[in-house]
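Take a look at the structures listed below.
What follows is a pair of complexes built around subunit A, which joins subunit B in one and subunit C in the other.
Let's look at the complex of A and B:
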C-alpha cells in the first residue's frame, strides 16, 4: 500500500496567538513552528497501517524552505520520503488553489516514486485557521472518494474500511482506493522520534518540486487562483461579566432571577 | 571552555524536552506520592535511545557526547528527579564501568543490552558497614576454580528491584585474612545477573525524596558467578568503583541543578499569580532579589557541572572537578528548594504543590554517590597533592 500524508506547518497551537494591533496580522514572534497536530495523527495512522499491512509512507507539504523542518520531523517518526512543494507563485493560495497544486503534485510524486498512491491522508483541519477544506477539495480535484473525520483505517477487499467519527457516534464506510481520508484524533498518540531516527532525518534528502515541475496553470494558483480572500482578521469581542445569583434557597434564587429578567424587560 | 551544544545535540535535547514535558512531568506527583517506579519513562527513554546515548553505536549506544547526556540528566530532573536518577544510575554507574573496564565479550553481552535499554542496570558498593568508608567491604568472593562464590549483602541500591544487570564489589577471599586484614587492594568488581543462583533483591527503602526510585538491598547467599564475570583486573575493584563514582557524581550534580531550576521556574510562576497586599508577590523586591540570587547560584553550579562533564568527555582528570560540581550543585539545590518553599508559604508546604517535593528530592543529592563531606575530602586531596 502506497500512502501519501499531506502536512502543514503551523504555529505551535499550545501558545495563545494574539493579533498585532499595528498590522492586524497574527503576532507569531517567538511562536515555534510545528507540524499541524491532526497531520501528526494522520502520519501515525498511516505508519501503523503500513507496519501492519506493508507499504510505504511519503510525506509532502506546500511551503517555503522553513517547512523542511516540519518534513524532517515527519521523517523522524515514520515517513520514508519527503517532498517540499515550493514556488513563489503559490503564495496567497486559498484552499481551492492549494487543492489544485496538490493534485498536480500527487501525480508528480507518483511519477518520481514510480507507484500510484492508494490512500492520501490529511489532517481533518489545520490548527491555525481550522478550515478543514483541503482534503475534500483535493479528492474532488482527483476525482476520488473521500471520508472525513476518520479515526481508523483498515484494509478491505478492493479498498479500505474506515471508521468515521460523527457528532452522534460512528459511521463505518467502505472506500475504494485510491481515496482521500481526513483524520480526526484517534485514541492513541503519535510516537516520539528516537535519537537514531532524528539523526537520520537530519541527513535525509528533502525532494523539492516547483511550479515548473508541475506544469500548473498560473491562473489557478496563488491569489489569482483563489476563490476566497481574507479581508480582515479580528478577535471576537470579550464576553461581558455575568451576574451571579446565589440566594439562600433555590426558590429564592429563581425568584431573584425572574425579577431581574422582568426588570430588564426581557419578559 | 565552550559548552555550546551543536545543532544535532540541540535537536536531541529539544526532543527530550518535548518528551519530558508531555510524558515525565505529568507523572512526577503520582510517582512521588505512590512511590511508583517510573516504568513508562524507563521504557520511553529506552525506545528513544536515551539509555546509552553516549556509548558507541557498536555497543547499542547513540555515540553522542557525554555533555549531552549530562544535559539530559538535568532536563529530566527539572520534570521528575526520580526519573533522572533511574537513568543516571543505569548509565553512569552500571553501563559506564562495563564500557570502561569490561572485556570485549562483556561489552557485547552486557553493555549492548544496557545501552539499547533492553536491560536496566544498577550498582552495588554500599554495605551496612561500608558507606563512606567504602574500603570496609564485607562481601566476599571466593575463587572456586571454574566460578566465583559471593557471600554478603549491599544496601541502598538504586534501581535494584527492576534491574537486570548489577555491577557489584567484593573482597576476593584469601586464607590469611585474619592475620592480614583485607584492604581496598583486595576489592574486585563483578557483573551479576538478576537470575544468578543465590542472588536476591529484598526490602524496599521508604525514603524522604526520590520516592519513586527503587532502593533495595542485595543479598548474596553462596551466589554462583561465572569466572568471566570478573569486571576489570582482580584486586582493582576499588579503582573501578571510585572512577565510576567520579562520573556518577556529575550525573547527580546535573540532577541537583535540574531540581533547583524546577523550583525556581515554578516559584517565579507562582509568585506572579499570588496576590497579597494588592499585588502579585513577584512585585516585591524581596521575592525578586531572592530568586535572582538563586538563579545566579544555579547558573554558577551549572557551569561547574558542565566543566566536569567536558573534562570527562575530553579524557582529562576530573575527579576533583566532579566533586566540586556535586558539592556546589547539591548544596545549591537544597538551599534553593528550601527558600522556594519559604517564598511560596503555606502552599509551598502543601503536598498539592511541587515545592516541598523539590526540597525532599534535593536532599539526597547531598548524600548519595558520596556525601558532601566525601566531596570535600576529594577536593582537599587534590588540593593537598597539587598546591
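Let's look at the complex of A and C:
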C-alpha cells in the first residue's frame, strides 16, 4: 500500500494563544511549532498499517520553509519521504483552496514517486483553526470516498475496512481504494523518535513543490480561490478573575466555597 | 450568481430514535434569526421529526424518501441535500456541529461548489445580507468572524448550546412535502457494514446545565464514581478528561475537550483536573466554574470562578453532604 499522510504545522496546543494587541494577529512568539496532534495520530496509524501490511508512507504539507521542521519530525517517526508544498500565492488559502492545491499535489507526488496512493490519511482537524473540512473536500476534488473520525484502518478486498467513532460506539465501513480517511485519536499514542532516527531525519531530503510544478489555476488558490473570508479576529470577553481558596483545613475551604456558590445563585 | 434568488434556510435534522436532537432544534432558531424574509425549511428522512421541527419554528419541511436512506449513510444524505438545494436554492444550509454534522457539511458544500464553515458558535446578518459566523480558534482563546460572500448557499455546522431553541408550539401548521430521491450509485462510496452501539447510557453533555467533571486527580474508579452522586443531587451529568477516560473510570461519551465534547453548562465542577488546554478548550464556555485541585498552581484555577486548593475526593465528600442537607 502507498500511503500519503497530510500534515499541518500548528502552534503547540498546550499553550494558550492570545492576540497580539499591537498587530491584532495571534501572538505566537515563544510558542513552539509542532505537528498537529491529530496528524501525529494519522501518521502513527499509517506507519502501523505498513508495518503490518507492507508499503510506504509519504508525508506532505502546505507551508513555508518553517514547516520543514514538522516534516522532519514526521520523517523521524516513520515517514519515508517528505514533500513541502510551498508557494507565496498559496497564502490566505481557505479549506476549499487548500483541498484544490492538495489534489494537484497528490498527482504530482504520485508522478515523482512513480506510484499511485492507495490511502490518504489526514488528522480529523487541526488544533489551531479546527475546521476539519480539508480531508472531505480533498476527497471530493479527487472523486474518491472519505470516512471521518476514523480510529482504525485495516485491509479488505478491493480497499480498506475502517472503524469510525460515533457518539455511542462505532461504525464499520468498507471503502474502495483510493480513499481518504480523517483520523480521530485512537487508543494508542504516537511513537517517539530515537536519536538515530532524528539524525537521519535531519539529513533527509525535503522535496519542494511549487505552484509552477503543480500548474494550479491562480484563481483557485490563495485568497482569490477562497470561498470563506475571515473578517476579524478577537478575544472572547474576559472572565472576571476568580477566587482561589486555601484555608487552614480543606473542610473550611470547602465551606467557604459553598457559601460563595450559594451567593452567586448559580445552582 | 444572483443572490436574490437564494432566500430560504435549510436545516438538516439529525435524529436520535426518530426525534430531532437538541442542536437541530437550536439550528431552527439560528436559521430564523438569519432567514432575512426567507423560509426555514427542515430536511429530514422522518415525518415525525419534520412535525417536531415545525413545532419548534420551521416554516415547512421536506421529508426525503427512498431505500437509500433507511440506514444513515453520509454520502447518500449529502447528495440528497445537494439535490434539494439545487431546486430550492437556499441562502444557507445548517447542521449541528456533531460528529455527523461536521462530516456532512463539507460533503454538501463540495457537491454544491460552495463555501462552508465548521463549528460556528454564533450567527448574525451583516448589512449586505451575508451571514457572519463566529468561529472559535486556538481552542476558543481567539474568536474569528467569517463570511461566505461570493457564493451561495452558505453551508455551516453550528455548535450545540450556542443558540437557544424556541418554545415549541404544539400542533403548529406547516407544509410537509415528501420527496422521493435517488442517489446515483457512484456517489455512494461509503459501505456501512455495521453500526455498533457500545455505550448504552444516553449522555447528554451538551445539553446539561450542570456538569460534574473529574480528572486523573480523582485517583481511582471508586473515587471517580462518587462524582455521579453529586451530579445526581444537582441534576447534572458527569464529565471527564481524556486521562480519566483512558484509565477506564468512565466511557468516552463523558469526555470533555479537544477529542471529546465542547460544552457550555451553567455550572462546571472540575475535580482533580489540572487544566490542560486540551480539556479547558472544551469547557471554557461554561457559565460558572468551580475547580478543586491539590496543586495550588494548577492552570485550572486560572479559568475558575471559585477554586479550592485541596484533595478532590475530600472536597467532593463534603460537598455531597452539604448539598444533600440543603436539598
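In the analysis below, the second predicted complex is superposed on the first by the 237 of 267 C-alpha atoms of A that agree within 3 Å, B and C clash if a C-alpha of one lies under 4 Å from a C-alpha of the other, contacts with A are read in each partner's own complex, and residues count from 1 in each chain.
In this text, a contact is a pair of C-beta atoms (placed from the backbone, for glycine too) under 8 Å apart; a residue touches a chain by one contact, two chains touch by 3 or more.
Nothing here was measured: the structure is a model prediction, and the numbers come from that model.
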Go through the superposed model and pick first if A:16 touches only subunit B, second if only subunit C, both, or neither. second
Touched partner set for A:244, first subunit B, second subunit C, both or neither: second
Quick check for you: in the superposed arrangement, does A:91 touch first (subunit B), second (subunit C), both or neither? neither
Partner touching more residues of subunit A, subunit B vs subunit C, is chain C
In the superposed arrangement, does A:230 touch subunit B (first), subunit C (second), both or neither? second
Of the two partner chains, subunit B (first) and subunit C (second), which one does A:266 touch, if any: first, second, both, or neither? second
Return first, second, both or neither, reflecting whether A:257 touches subunit B, subunit C, both chains, or no partner chain. second
Intersection of subunit A residues contacting subunit B with those contacting subunit C? none
For a test of understanding, state which residues of subunit A touch subunit C in their complex under the given definition. 11, 13-19, 26, 37, 94-96, 99, 125, 127-133, 136-137, 140-141, 144-149, 161, 165-176, 179, 184-185, 187, 226-236, 239-240, 242-246, 250-251, 253-255, 257-258, 260-261, 264, 266-267
Once bound in the complex, which stretches of subunit C touch subunit A? 75, 98-100, 102-103, 105-107, 109-111, 114-119, 132, 135-151, 189-199, 210, 234, 242, 246, 253, 258-259, 266-267, 276-278, 287-290, 296, 301, 303-311, 314-315, 318-319, 322
Residue set of subunit B touching subunit A in the complex reads 8, 11-12, 15, 18-19, 44, 47-50, 53, 62, 64
Enumerate the contact residues on subunit A facing subunit B in the complex. 192-196, 198-199, 202
